[in-house]
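Listed below are the structures to be examined.
Shared chain: subunit A. Partners: subunit B in the first complex, subunit C in the second.
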Partner chain A sequence: MDFFTSLMSTSVYEGLVYGFVAIGVYFTFRVLSFPDLTVDGSFPLGGAVAAILIINGANPWLATLAALAAGVCAGLGTALLNTKLRINALLAGILMMVALYSINLMIMGRSNIPLLREVTIFDHVAQALGMRADINLSIIVMVVFSAVTLFVLNWFLHSEIGLALRATGDNEQMVRGLGTDTNMTTILGVSISNGLVALSGALVAQNQGFTDVGMGIGMIVMGLASVIIGEGIFRPRKITTILLAVVGGTFAYRLFIGIALRLGLPPTNLKLITAVLVIVALAIPYIRKKIRHEWVPPAVRM
Partner chain B sequence: MKRKGLIKILVCICLVLALATPFTIGCGPAMTYEIGISQLLTHPALDATREGIIDGLAEKGYVEGDNLEIDYQNSELDMSLVATIAQQFVSDKVDVIVCIATPNSLAAASAAEGTEIPVVFSAITNPVGEGMVSGWDSHPDQNITGVSDMISVADDVDLIVEIVPGVETIGNIYNAGESNSVFLAEKLIEACDALGIEVVESTVSTSADVLAAAQSLVGRVDVIWVGTDNTVVSGLEALIGVCEDNQIPFFPSDDPSIERGGIACWGFDYYDIGYQTGEMVARMLDGDGTAYDIPVEKGKIIFLSVNVAAAEKMGVTIPQSIIDQAEKVYEE
Partner chain C sequence: MSEQQSLLQLKGITKIFSRGTVDEVTALDNINVDVNSEDFITIIGSNGAGKTTLLNIVAGVYPPERGGKIIINGNDITNLSEYKHARYVGRVYQDPHIGTATKMTVEENLAIAIMRGKTRGLRAATNRQRRELSRSVLAPLGLGLENRLNALVGTLSGGQRQALALVMATMSKPAILLLDEHIATLDPKTAQIVLELSETIVTQEKMTTLMVTHNMELALRYGNRLIMMHEGRVVVDMNQEQKANLTVNDLVIAFERASGKKFDDDSILLHHN
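Let's turn to the complex of A and B:
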């Protein structure tokens, strides 16, 4: 495999698999305006649940499904802290994230579970298609997973409840005035978000051959960066294109990281590059408007 | 539309970067070997291991920049990068992938599955128990081997009993998120059970917790022992302060921690562990063995180090017979 194809295939795979994290983050931060930091805990939760079930002989598909369910529960916990106990959203997420660190250790029984010689969903698909379990196969699996997920989410966000959920983030007062229970929409949204993140954790663990309790560090940053880059580059308007743009943003983010690694930059500078990337993506819309003399200061906007 | 123009520019930048890179890294003399080193994070012990690997290779005739290219990558604890780096080494078809720490070794083994690229790990305490390799001696179905930094906890406990006679309880502080430390904690309980000593555990999740964990042990333990735990060793000064203030003898288990203010240990230098790993990699490059048939090694050079001044501050005296055995004696 030559340099370019290997870089592209790795980035495509990572864009798709971490795209779930980005969509989860998009759901909370953008759709619900609920800054949810549970993500750093629910990502390894998905890996932990899938791994412990797989090493105990469970079917990997069921294990992956169980991971998704565990993530939904984690999100439910955060949302209940916020809606029922009136704990600030940011704090509720942090509390859940901290609690999940211990819970993940409890589930796993140790800090790291290797899955090297276990049968994963990737092995199942490889066997069914008669392929080798390499990066191309991972991409095929992830394309199918993403397509199904995006289709379902797109349908959901256009349904009545989905529209109410989107409206909750825009104007909670109004939605409540129209007789919709905003607590319910918040609970639903945060649960779905963390379910997606945990699903990503389960898939990543099976593909990379291990689960580690520290696997979630920086996930929220990566998810946010991907959302912002996706919005910055593609400037989507409709919900369907937004979902695609978020996955595209994740791809772009991983591609830039891949290029940075390839350029032989000192590895310690990588975090700085991440920060610069996000700053650039955030600044592009403003600079573009400035150049076109379309910028209106917030104070004079109607 | 202007938006399309911007996308085009971005795509062009990507292409130029992507195409330019192979020319900068692809040049070199014929018969050059390339190895990839994947390190989990910047940490004194892991950095020393890496230096040891490079020197061990050089000693065997594989000199970086001469007949050896080293692609060094550090994931800085970002687990998503661990897999990216492993995948990159595999698609670059490096001759050997060398991994310092557990998660990146697992990721490399997974990525290299089905290829002929051997994976060599370094500074992993318990590769067999963690399920990375199936056995210490032979693992003919796995293209992975390496050097373990297994310490003998029982020897450390014997040392504690010699220096602090009549010890009844030993405190152990570790990060339950580090698989090496969990393993060592079990070993400590095993060794202490045999001597009728009780173990009191206190766990931390970041180096900022070390102070509180140390204080929680005051009055409950006679001595504190700490394994090769990266998190606790990062916050060692806080622990040493508590031990000095409360006259609790403190026994870490690596030589640099003795220099920083621990009393005594049987340990090794991570540089030596790395050096041994470098020699192992050189054997593979020589064609003298593969990862399938080279057994997993334990650190060969183990020595005693003592810190006389630290012992005094913590209210104990190291017997002269032990000081005489020590290879490294710190007086300050």
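Let's turn to the complex of A and C:
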């Protein structure tokens, strides 16, 4: 029983905190049709900014906010490379991701910053509620963060700007022809996405008690896996349900990983498993069509 | 000479693609056209004549070469980007996929069309007032779309989508409407419906329209003015009276005389029935 509750509560916490990464990935890959790989760099960027500010005595809430702002800037960089210099979206993301590796090291000054003795937002909330800073508290904090974020995003995506942003990913030529500055909507979307990812990085760093320059590796694949699982399980159609399904998908993915680890899978195999999961999920529709003798166009290369 | 106020003026429009390479093409060669308010101009010409390039220039997809000017209602919009041209220009494309967003609902598509030329804010994009407006513009189509506001556009047929695209291009009353072979990919029956719909809207709203077509018969039957293009130039420009009693055969002869070439584009002749 104890095994089960600990597995479940860890998965719930992780589902919520990494849910931000998944929503960020959903924003770029699905809403904007912009395959943005900046994520692997903006996640540790969030952790780096939050950590360096906290160990230098900054308020952890301000540090978290600064992390989010740093993520927005990273996304802005990628989107500008794509819209203003006309660099292919995949390549723009990779360039930013590589650049961020050095930038993160510069910010941190070393490859790992421990935060165990520092006061984080989790300690603040624990003190305010008179609780111990344990997993239950982490869940409470994350539920509030996620609820607020999902509410705001849901409202945003139904607004006039949000609709223009969604339409940009659906049919860029049409919305431009109807008077939308699609460069602007792309910049906005990619920035919001990376802001969410960096926020996740800042929260994860504070909760686990350290930040590491390498903690972003494979984040994009994890986010994509979560989105695909969420879509597969819940088959959502409306924006509101899609957002919830993405978070649900992240939970399911984390649960799946948690079970695998507890069954004795070495943690080093994790990224391989995730990659295989995504490959299978992406290949299934093609194989299905192949069996039905449907024609499938070749994959896009550039 | 009386100075008539033109709605759209194209002055010295030239467009060269792949300049300085072996593929260099002069798609438009010094085009000068004055479009009067409420003109319905049909544009014909063989493949590569520059018809679509001309519409792209008006829509602001790309600017003309230096020296060319596009003036709408007295505003020089030559160097404005495409989304700013959209304030003045509505367009229906040949491919129904281009005119509508398939993963969004009919209502959401129309909401984007309603927002044309207005600043987008953080208000809800759809509301009761817009829903009513959407129903009222869809009902006259007679396709039942007014009852399918929540349907994803991807589930509509090509004809329904093109009708929707037409409504979206015209509902916020742009100064000028561009129809770019917009019925070419539809089956004959649907094409007829969409064509009649276009004419109704153009007449009712007194919309200034440029319609590119491959079909000479249509070019003669519709509109009050006919422009024929060849190799990037306007070779024939006829007004209502001149084209009133014209037949397709006369057009072919006019083309040969104007371009100094034997008419050899089967694709135009094959389309004329």
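Couple of notes before you dig in:
The rule we apply is simple: the second predicted complex is superposed on the first by the 264 of 302 C-alpha atoms of A that agree within 3 Å, B and C clash if a C-alpha of one lies under 4 Å from a C-alpha of the other, contacts with A are read in each partner's own complex, and residues count from 1 in each chain.
What we mean here is this: a contact is a pair of C-beta atoms (placed from the backbone, for glycine too) under 8 Å apart; a residue touches a chain by one contact, two chains touch by 3 or more.
Just so it is clear, the structure is predicted and the values come from calculations on it, not from any experiment.
Ranked by how many residues of subunit A each touches, subunit B and subunit C are led by B. Contacts of A:His293 after superposition: neither subunit B nor subunit C is touched.
In the overlay built on the shared chain, the residue A:Arg86 is in contact with neither subunit B nor subunit C. Contacts of A:Arg176 after superposition: subunit C is touched, whereas subunit B is not reached. In the superposition on chain A, A:Phe4 contacts subunit B only, with no contact to subunit C. Annotation: subunit A has no residue touching subunit B in one complex and subunit C in the other. Residues of subunit A that touch subunit C in their complex: 155-156, 158-164, 166-167, 170-171, 173-182.
Of all the residues in subunit A, the ones that touch subunit B in their complex are 1, 3-4, 6-7, 10, 14, 18, 101, 105, 110-117, 132-135, 204, 207-210, 212-219, 222, 233, 235, 252, 254-255, 257-259, 261-264, 267-268, 270-271, 284, 288, 292. Across the complex, subunit B meets subunit A through its residues 2-3, 6-7, 10, 14, 17-19, 21-22, 24-25, 39, 42, 71-88, 91-92, 102-103, 106-107, 109-111, 113-114, 130-132, 176-179, 182, 205. Across the interface of their complex, subunit A is touched by residues 59, 81-84, 86-87, 91, 97-104, 108-109, 111-113, 115-117, 120-126, 168 of subunit C.
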